[in-house]
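Here is the structure we will look at, set down as structure tokens.
All chains are identified by letter, namely A, B, C, D, E, F, G and H, in their written order; residue positions are counted from 1 within each chain.
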Amino acid sequence: MNQRELLKILEFVQTGKLSPAAGLERLKHLPFEDLGFAKVDHHRALRQGYAEVVFGKGKTAAQVAEIVRAMLQKKDSKHNVLVTRADAKTFATVKRANGKAAAKAQFHEVSGVITIERNQEITGKGTITVVSAGTSDIPVAEEALLTARMMGNRVEHVYDVGVAGIHRLLDNREKLMEARVIICVAGMEGALPSVVGGLVAAPVIAVPTSVGYGASFGGVAALLGMLNSCASNVTVVNIDNGFGAACVASCINRV
Amino acid sequence: MNQRELLKILEFVQTGKLSPAAGLERLKHLPFEDLGFAKVDHHRALRQGYAEVVFGKGKTAAQVAEIVRAMLQKKDSKHNVLVTRADAKTFATVKRANGKAAAKAQFHEVSGVITIERNQEITGKGTITVVSAGTSDIPVAEEALLTARMMGNRVEHVYDVGVAGIHRLLDNREKLMEARVIICVAGMEGALPSVVGGLVAAPVIAVPTSVGYGASFGGVAALLGMLNSCASNVTVVNIDNGFGAACVASCINRV
Amino acid sequence: MNQRELLKILEFVQTGKLSPAAGLERLKHLPFEDLGFAKVDHHRALRQGYAEVVFGKGKTAAQVAEIVRAMLQKKDSKHNVLVTRADAKTFATVKRANGKAAAKAQFHEVSGVITIERNQEITGKGTITVVSAGTSDIPVAEEALLTARMMGNRVEHVYDVGVAGIHRLLDNREKLMEARVIICVAGMEGALPSVVGGLVAAPVIAVPTSVGYGASFGGVAALLGMLNSCASNVTVVNIDNGFGAACVASCINRV
Amino acid sequence: MNQRELLKILEFVQTGKLSPAAGLERLKHLPFEDLGFAKVDHHRALRQGYAEVVFGKGKTAAQVAEIVRAMLQKKDSKHNVLVTRADAKTFATVKRANGKAAAKAQFHEVSGVITIERNQEITGKGTITVVSAGTSDIPVAEEALLTARMMGNRVEHVYDVGVAGIHRLLDNREKLMEARVIICVAGMEGALPSVVGGLVAAPVIAVPTSVGYGASFGGVAALLGMLNSCASNVTVVNIDNGFGAACVASCINRV
Amino acid sequence: MNQRELLKILEFVQTGKLSPAAGLERLKHLPFEDLGFAKVDHHRALRQGYAEVVFGKGKTAAQVAEIVRAMLQKKDSKHNVLVTRADAKTFATVKRANGKAAAKAQFHEVSGVITIERNQEITGKGTITVVSAGTSDIPVAEEALLTARMMGNRVEHVYDVGVAGIHRLLDNREKLMEARVIICVAGMEGALPSVVGGLVAAPVIAVPTSVGYGASFGGVAALLGMLNSCASNVTVVNIDNGFGAACVASCINRV
Amino acid sequence: MNQRELLKILEFVQTGKLSPAAGLERLKHLPFEDLGFAKVDHHRALRQGYAEVVFGKGKTAAQVAEIVRAMLQKKDSKHNVLVTRADAKTFATVKRANGKAAAKAQFHEVSGVITIERNQEITGKGTITVVSAGTSDIPVAEEALLTARMMGNRVEHVYDVGVAGIHRLLDNREKLMEARVIICVAGMEGALPSVVGGLVAAPVIAVPTSVGYGASFGGVAALLGMLNSCASNVTVVNIDNGFGAACVASCINRV
Amino acid sequence: MNQRELLKILEFVQTGKLSPAAGLERLKHLPFEDLGFAKVDHHRALRQGYAEVVFGKGKTAAQVAEIVRAMLQKKDSKHNVLVTRADAKTFATVKRANGKAAAKAQFHEVSGVITIERNQEITGKGTITVVSAGTSDIPVAEEALLTARMMGNRVEHVYDVGVAGIHRLLDNREKLMEARVIICVAGMEGALPSVVGGLVAAPVIAVPTSVGYGASFGGVAALLGMLNSCASNVTVVNIDNGFGAACVASCINRV
Amino acid sequence: MNQRELLKILEFVQTGKLSPAAGLERLKHLPFEDLGFAKVDHHRALRQGYAEVVFGKGKTAAQVAEIVRAMLQKKDSKHNVLVTRADAKTFATVKRANGKAAAKAQFHEVSGVITIERNQEITGKGTITVVSAGTSDIPVAEEALLTARMMGNRVEHVYDVGVAGIHRLLDNREKLMEARVIICVAGMEGALPSVVGGLVAAPVIAVPTSVGYGASFGGVAALLGMLNSCASNVTVVNIDNGFGAACVASCINRV
């Protein structure tokens, strides 16, 4: 361990085995990175209210279950646990492997998210509202919603308010205006964030989805639409990245 | 000339020089294309109300002036004349070269269109309304507007109604609902046609513009947005193709 | 309900509980969107002759069957029902779940379309003709054809008339010239709409298909070809969007 | 004016000329959009602290000068004025055209921004720090910086801290950690936001720049890098969109 | 039938029921396309030596078998039969369905081609040589080879001569120089046609293959390489289009 | 010189200074490439009838003039000289620098080609016909035409026969059918080669041009259209590569 | 065999059957490529320390097993054997087919690599260190690591040091600085090589991986990031090409 | 200064003012980055033999001249100075501004490089050979060559050896085999590195150039070709990045 080395140098200086100048030389060649970074990182996690997260994609059910177990057994943490891109089988395995500790585990089928809510404290300052365009955008919207909630935010949603039926969106204007941060999920032409952004003063995190076919190019059309939004309070995350949008939203909701 | 040949065959049949069967054989080997196509084409032009059009781009001022002169000198035609993508110099040359015949020539600076309106008859059945998003989309919108007018249509326009200020668009809903065909011009995210398409029952011709920068990729973002429109009465033409949109709209306005 | 609120305000004004000015203030803060939009939307549907549509893609057989049941049970509607992108299993489930109400349900295997024709009234003004290039374009062409028919249009089709055998297309010229709107479906180089557009005066809705391989890039080659068409009466919809093309065509056929 | 109509209806109800039910009918057919939207928009502007902005690109010097004059003459507004993408000539014209009113006008040559600071009130809650990678990213960074300042934010900058010399970035860690929002401007591989995002808890607005050549594709490489950032507090705006990034940052800095 | 109509007109002219001029009028309005096109097409087929071809992709085994049966039963044709992109199951079905008529049917597993060689006459003037780069390019190369042979050409092949082992290619220089047309099949960087083109005077038809991964983008890298070939006797066909290359080569080998 | 070395080894063997085995060893280490390659290359040039070619693009007028002078001074060659992508200034310089030797030099303004025809012998077996779609494709078409002629081919052209006016193409069917090789030049949707390819039995070399705007992407739309041609006698060269098409056509016209 | 022919010519010269000049003529027409190339190639293999490699992808288990057997039976070679992109089934087949000879065969499940280490000699001059960003990059990293080891290099690895947690990378700085060549594997934004390149003086071979989703476009984002690296000691290989990176690294480690 | 702080802490420990543990605490909170990084960087520069480099692109002549002056005035450095992407005017300004100090300044017109060679010591271990395909690739090749030479490497070049004339390349095989590192510069299809890579055992740094037109897409075709190279000793740098290639080559030439 590095701190020990550091201490030893200081003790040598104390006892005169090293002059301060010689100590300085020695210090310069230590791997400086170990001077407490971990602690900083730890603090950051606390500040952001990050839940413990497992990206389920590309992991076996057993691997996920094991990682979750390690999380649940950490003594000093009561963080919520979130598994993204999981399926029913993984959920069953997680339940089985963690027994009582996973009693609160829930599987959200539409988005493939597993939540274990151990802490319902709301630490975000306002409401994060998730808006989505079509029914097929809901999986990504739900991933965002659950992530935001697991990270200690008050959440709301307004689904199925595509721009081709603008009145449905306008019907929900009040709800939108009450949000502190908006996550706006849309596939196809990705026009929703521009319209929403024009209606509210809050920052809008746009999430393009891979919903569509042909010239939607797996979400590229929506992504480009959002990057070129004519509303000036819109920023963009990667295609289908509901989780990431919620992280940013949660981060803004804490500043 | 082909008709003469044809006639000769028929005369041979009449006079018995050829039996009908032998005439049939001869007819099969004639170049069939000459049997009156030109006339058909002529008819088509009349039905569509097409003005005489010169694409100014890539032509010298002198070339444009000469083509216009040929058009103005056609005896039996009083078609309107339209020059697209021209500049002030071309306009001056056209004026100079055509004297009194070009007395009605006008230069529309914003769109670079020259019009010579010789015929104000309205042949389209309803109104073609041109809607555009930002001020920088106006050149393309104006090209569409002037083209539609030169082709004998009643035209209206609703400019500067971007989706990030949705109320400006809604303020003009009545005007939109009165249109028989809508041309919808937008750059950036190209979301306007989806919103407009959702408000009206008329067909919407969407024109992406190359307005924007960065990830607008010269109009590709708008183009993709429009192709993926969630409104089902939207079709799309090429980037910046105000002229083409007006042709289609005019064609629909005549059916 | 909002109308009730509105009425209450008006009654307060009538009874003097509110001055007109105070009533005005109250009105301004009502969610304006509820002032009858639904009715407007309803009207629009009637005008466009839109059938009831279910997009089968991404829905389970059971979900589709349930949605269809809801449609069939609507008291005041005798709209045709159309399910796109379905399969034999979905069809069986729809039949089973809807009993006698689905007696007229038909499954069109080539395009994966289910139709329940409850209304054969022709409301479109002319004929919509669907033209397609190769045999593999037929699924998209059929989706367009059935959609147009379900929306109350007289329909015709001309299949297998690729541009490399131009005479097959020319053989059908008369049929093409009788159409009020043409839907032109083509994969590979997407050249058909240009040729068809040059032969007729009617608007041509071009549908690129994802048929092809290699540098067809899933329909992009055909899409670009159509966007760059040298015929001026051609507009374009998304790749494989037979349904959308028929919606636009139907919309034009009603103007 | 619409309010007058509304008032008239209410007065008719008050005086019994209309029953409440008949009044309701009349109300439904009013263009609802005029019920105070403008005021709402006005409020939004106030809340966001938006300065008055002119996009200089594509406008003549005279046009810019005229728009600025209109802004400076508004009676009830002391907003800062910001012109983006301007040049020295435009600046001179603006100065000349506005005389004393433009006394505080400044031209920032690197970014082509003109500022007229009429109001130094800080309304943002914390500091917005602009970080940039290479010297050629500075124009975009400066546009962001000036925009944020004109919108009433405390601003800082950390320039020339590319990831290939990671120690320069780490040297500024404390400054980064004090920011409430970070704008991170980078061209080439666009890696800076990921590294910065990993060091801080604040939201990071990433701005790709078109700096680079060859496979940077005018900023696309940087854009993609940022969209795929492995740091979860990063969102992205359009290429070279320093102005937009500052709008979002300012918006976050007010929530 | 059209010929009958034509004959009737001629008979009317013969018998004086129509004057030649009136006959001319009538002729102009006949669908001209039926004046013997089929025959022309037939002739073309003969001249090109085209075998009867079935594209197996997207067709069921039963469909292919039926089409082949129709081909084999044509009285007056002894063309070779070629089925591309087939599999073992399709082959079995074809054999079963056609009994003795398909006695010569062979399945070429590597390329998925079925051949029924009924005619071994060599009608091409010289040798078509198929050159390919890596072992994984062989399926496409074999499709080209078999197609060329079925179309009546003398064929040779030189496989596995990638440019990174240039001596293997040079070892076969004499064989290359004897070819009248060369088909050059290569994936990855697609450099082979440039090198081959530089060694010979014959035309080189380059076929990019979808072999590769990552930045080969399914053959796009090879395609671009070939389009930019610095050898001036190279032309290109679509990715994986072995069949098409052989058609062109056969067509050249007949001129 | 290498032949001398080789000869020396053989003489050593003859005179016994080297045993055959030792000679063999020596031979293996010679740079084999010098064994007569140059001559082979020379022969190839003769067989292909290649004119002497200078690519003018990126060279100064002086550089071009100097290269042309070297060509004209070669004793034993009477090849035609061809300079592509030149301008009037280059032409003047070439004339001035070469005096009487360049008496026959001609500048073809539309295509920017300079020709010096010193040899009118026709060595190609048939006619190469250049077909082009729009007037703006003519520069590329003319480059192809002049190149083919300078290489000793009989050439014809059919210009301005776009597919949207199919009858103009059909009017020229006979001319097309007489060609031994067809070069087909088209921008926009690039559909012409498919239609032409379907009308003739000759090989068709398709040249996409960069003519167009918006979604033509500098010729990419035309290129993709041609690569996906449904006619099986079509191959493709690079965008605007009229020269290259003529090289291939000339090469085919000699086989 | 060619050497025999050559020898015969030399013997004829020795014995006077051929004059040296006539021998020279004969030599010129020999296929020069056979003058010892194989040996050269062999030498190259030795110098590069290339193991015997089988690309498993696209080959059946039986094919791989057979190729391996041929390798193991070569008399004079004790090269290590490497099979890439294999699976458990292939491994079992290889074991079974090769009995004792494959006793040392190992299957590396994460990367799908089979190794048969017959030679542990270290021939590379320094250490090749494989650095990777996320856990999902490990398959590609392991392929690189095993390839490098099989080719006779000392190897190290530093995994899971993504740039969003820069301290983890800095913790390993010493290890990085001891490497003679670094292979840097990263997906998503591909920023790692830039940071690593800035920390060390050794050449860095960057390998983009296809890890990611949405706008990572199967590794394109990472690839572009690496090509635009601001560190000047970075070069790039194809997406997922761990094997290729190790080849280059091994090649550098021998110079 | 930071070292002073560090020393003070150590002195406090020495004199007992701080216990070692308390000293440790203090040390942890120091900005660690200042512990001698600069020196490390300095060392790296020395080891790599990096010349002082100015990227001329985007800088004014005056700016370049000033930077060069600062470099020339550094007391303890005799590094060579290299300015890339400069022009004649910049060169004149540099000369004028630096008088005698710039006596050795040379302008290399083809590549736009300015060199001031103050140190001719060769520190690279072997020869770096720059190979290029066409004459238009020479500017990039020369940039690479001069960069490598300025960095203390022995350099050679082999120009104009395109793959369509493979014998020219083979003629230079010996020169290629003597290189320790090869830089291979090519535009168009970018095939040269594959062929070169197959001939030598040295690492090959491939540089795609933006030379070409149409489907070369500004160097993308060459870039993709190189990334997909079938030779396993090839890595790639950005398009036109001759400077970068030389940096990597120099770096390899020192390991």
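Quick notes on this structure:
The working rule: a contact is a pair of C-beta atoms (placed from the backbone, for glycine too) under 8 Å apart; a residue touches a chain by one contact, two chains touch by 3 or more.
These numbers were taken from a predicted model, which means no experiment stands behind them.
Touching subunit B and subunit G together: A, D, E, F.
C-beta contact counts were set side by side for D-G and A-C; D-G has more. Relative to subunit H, the chain whose mean Cα position lies farthest away is C.
Averaging C-alpha coordinates per chain and comparing to subunit B, the farthest chain turns out to be G.
Measuring from the averaged C-alpha position of subunit C to that of subunit G gives a distance of 55 Å. Per-chain Cα centroids separate subunit A from subunit B by 51 Å. Averaged Cα coordinates give subunit B a centre that lies 39 Å from the centre of subunit F. Centroids built from CA atoms put subunit F at 26 Å from subunit E. Among the residues of subunit D, those touching two or more other chains are numbered 32-33, 165, 170, 214-216, 220, 223, 227-228, 232, 238-239. Looking at which chains touch one another, you get A-B, A-C, A-D, A-G, A-H, B-C, B-D, B-E, B-F, C-D, C-E, C-F, D-G, D-H, E-F, E-G, E-H, F-G, F-H, G-H. Interface of subunit C with subunit E (complex): residues 136, 165, 167, 170-171, 173-174, 213-216.
Those residues of subunit G that touch subunit H in the complex are listed here as 44, 47-48, 125-126, 180-181, 200-203, 205, 223, 227-228, 232-238, 243-245, 247-248, 251-255. If you check the complex, the residues on subunit D that touch subunit G are 133-134, 162-166, 170, 187-191, 194-195, 197-199, 212, 214-217, 220-222, 224-232. Across the complex, subunit G meets subunit E through its residues 31-34, 37, 41, 57-58, 208, 210, 218-220, 223, 238-241.
Against subunit F, in their complex, subunit G makes its touches with residues 3, 6-7, 10-11, 13-14, 16, 19-21, 23-24, 27-28, 30, 32-33, 35-36.
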